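Paired with chain B in one complex and with chain C in the other, chain A is shared by the two complexes that follow.
Right, the complex of A and B next:
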């Protein structure tokens, strides 16, 4: 079983001194509750699990990590490796202090369906079937499952009238409780001080005062990760209010793809990000948004 | 705040509030030229000077809407003429995406506009502002993305600028999520 292979390999690396600790998942209070964990000894490694509930993307846990010596071992699913790459590109992870073991993934289970077998939305549209960065691969590399187009939802919304779209987003975003989970889990959201933090007191900003605050939070959050969001789907996964946050991020991704050429964040660390780049000749004017389309109602 | 409540906030005739973000080197100078050439443009337009169109953070625009603006117009040097060489090329991409996102959220796209205005185009500046103001008049009050703080804004604006009397509570609203309403 892949889990046993992972434990065995981690133990070997630990014994050989190649790594000083490992980042993986351990079982939580329930069987569906596999959570991120750091393992520092052979004994602790016995508790490592890898199953369909190991949805957490471990890349973010490596941000700002400053190891004095040795390396940390991290297990990455194919989609997680994109986030990892993006973070390396942004100089937030030192590639040389991490040892990556790539593991195959059959998709993660939606937690709302504890007993069920329904996959996370991101897994239903997943095309990231190969690791973009790794030191070694362990176990069977499954993947290549049939996927829906990830832009279906965006297209559907685009075809609605502007009034209906507003209604849709109003309903979605007014459910937000500003728990900040989406922000905290996001590998691209890694500012030490967020613009949405309260700057009078040293606390995270919570509980917005009006629905406008939520609109603004979500527009700006999506905007801040535009061009860097790898579409890892963590934000939608963790939202306790089941807000379809991927529809915001994918709108930016879709726009970038159509206006400035296909771009997948995290795929290639030498590629110039779409918003830190321009093409003086071919970039359309913002007026392109105002032309055509539907009249506002 | 429920929309109908917002309606009752002010029953006076609709005078839109339009915020124009103008870059220091071209558009602001263009506005100046419009002034010195005695070309009038609507008083509803309030200009905010920014160093470069690239400095316009989408948060500025959203903040303007929250504080009661009915339209936001962004102006900068023509592509190729940026004082900092490339600022407006970056701005062009960002603003395109931002406008697209606002439209996607169902916010009337006619409320936002971008126009490249050079320092020599005083007439174009005045004409653009007239046309945009007309467009906002036709659209009516901004309800979809307003924070319901119109009155306060007018008061604050006088406090900041020293025009219009009454005085507001001053500049405490600068914190991004310090909503008041």
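Right, the complex of A and C next:
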């Protein structure tokens, strides 16, 4: 069983001194409760689990842990490896201080009241079936799935009248309670201090004076992760109000693909991102600065 | 005790909505929350818990306190009027109505919070017994009875009938107002259902918690417990637990400058956030460990210490089912109790 292999391998690496700790998942209080955990001893590793409820993407935990001494072991599902790679590209994780064990994934279950049988939306459209970075693979790689296009929802929105589309987003974003879970779980949201945490301006995080501000929060966040978002789907998974945040990110991904050619953030860290590889002559939307201050109309 | 046909409920709510604002649980976009009722709105009484607790009807996430304008050298201040519209919340659960009592012990003790007090006076709570408590529920650990909601009007849904019993003067006058929809019923009619609920509740996995171990005479020991280090490690510092919680009660006061005027408002705060309790000199809780600890020490130790032993949790289980890292008060209690004694 893959879980046993993972525990065995983690123990070997810990015993050999190659790693100082491991990021994985452990069993919580229900059979469906596989919570992210940091393991520091052989005894703790006994509690490591791996199943379809291990939805949490562990890549972001490495950002903080990485500051400590020693190598860290992390277990990554194929889609999580894209987030990891992107963080390496952004110099937030030192590749050489992490030991990656890639594990297969058959999709994660969407939980409601800690129960569920259906897959998360992100898993229904998943095409990230192979790890883009790893030191070794453990267990069977059961990653192939019949996936429908992840852009179906975006296409539907594009076909709406602007009024209806505004209505859709207004309804979605007015549900926001500013819990910041989408931001805090997002591997691409990694500013040392988020502008929405800055209490020197009227951009404070805690609440909005109007629904306009909730919209602003989400739109600014979407712009800021554009070109870097790997579409890991954690934002939609954790939103307590079930806002379909992935649609916002996928709109940007779809537009980037159309304008600059197909691009998958996190896939190849040597490649320049489409929004950071700027060429005023060939860029499909060079912007107003390179037009001598005049917008191209 | 009164009863009515469930089929007549929409008509009764329509009548109520002519007298006051009425809020009911409504399913929209895959989730259930309280929304204003008007004719045609479909009430969802089958879903056990709303995503958000109903605390924001009394403690809104954002509340204006006053506005101030400067005219020359003069400053004119216009206080916000106290809320004065009557309203009713229909279909809240035992845990959430108990949650309001916990907010009362903070907001209605001196100095009384006038905004909160006004809403409590204007609001009627109509609470519905839980036919089917779920595994994340642990209200019984706090001696809350899901079969006997405490509210202005307690309600039970039993085989196509809605039973109602007034438990306060406000509740009684509402029932009188709605008398054409109700007929007298016998309290024995709901006994079987109550028995079934209590039997299910007695089997809840966390129905009994070792809360007696968290006495406030252990305050310093619990504060310094080594477990916090382990417990907080995977916390993402989001505000889900605090914002969905029916008893989380902290707020911040901020000014919003529009250029023409200053708007002073208060808004929910969260101890999970980096500027929680930020003061002129800086922050007294600089790490997530300290902020995480604050949330649970407040609920389990500080609040009881100041309020005659009342624990500031009602076992609604929202933090259990919604935390992205699956951390919750149960895990904290169990960890503190088991390991602190070693």
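Here is the rule we go by: the second predicted complex is superposed on the first by the 265 of 297 C-alpha atoms of A that agree within 3 Å, B and C clash if a C-alpha of one lies under 4 Å from a C-alpha of the other, contacts with A are read in each partner's own complex, and residues count from 1 in each chain.
Heads up, the rule we're going with is that contacts are C-beta pairs under 8 Å (C-beta built on N, C-alpha and C of every residue); 3 or more make two chains touch, one makes a residue touch a chain.
Note that the coordinates shown come from a computational prediction; the quantities given were computed from them, not determined experimentally.
Shared-chain residue A:156: touches no atom of chain B or chain C. Of the two partner chains placed around the shared chain by superposition, chain C is the only one that A:36 touches, whereas chain B remains out of contact. Set against each other, chain B and chain C touch different numbers of residues in chain A, with B touching more. Of the two partner chains, neither chain B nor chain C is touched by A:136. When the shared chain is aligned, no partner comes close enough to touch A:18: not chain B, not chain C. When the two complexes are overlaid on their common chain A, residue A:268 makes contact with neither chain B nor chain C. Of the two partner chains, chain B is the only one touched by A:166; chain C is not. Residues common to the contacts of chain A with chain B and with chain C across the two structures: 199, 205, 208-209.
Interface of chain A with chain C (complex): residues 28-30, 33-38, 56, 61, 111-115, 171-172, 175, 177-181, 183-185, 197, 199, 202, 204-209, 234, 237-238, 240-242.
Across the complex, chain A meets chain B through its residues 157-158, 162-170, 195-196, 198-200, 205, 208-213, 215-217, 219-220, 222-223, 226, 248, 251-252, 255-256, 259-260, 274-278, 280, 283-290, 293, 296.
The touching residues of chain C, counted against chain A in their complex, run 29-31, 48-49, 51-52, 61-62, 134-136, 205-206, 233-234, 236-240, 242-244, 252, 254, 256-257, 263, 265, 267-270, 273-275, 278, 317, 320-322, 324-327, 330-331.
Across the complex, chain B meets chain A through its residues 1, 58-59, 62-63, 66, 79-80, 86, 89-90, 92-110, 113-114, 144-148, 175-181.
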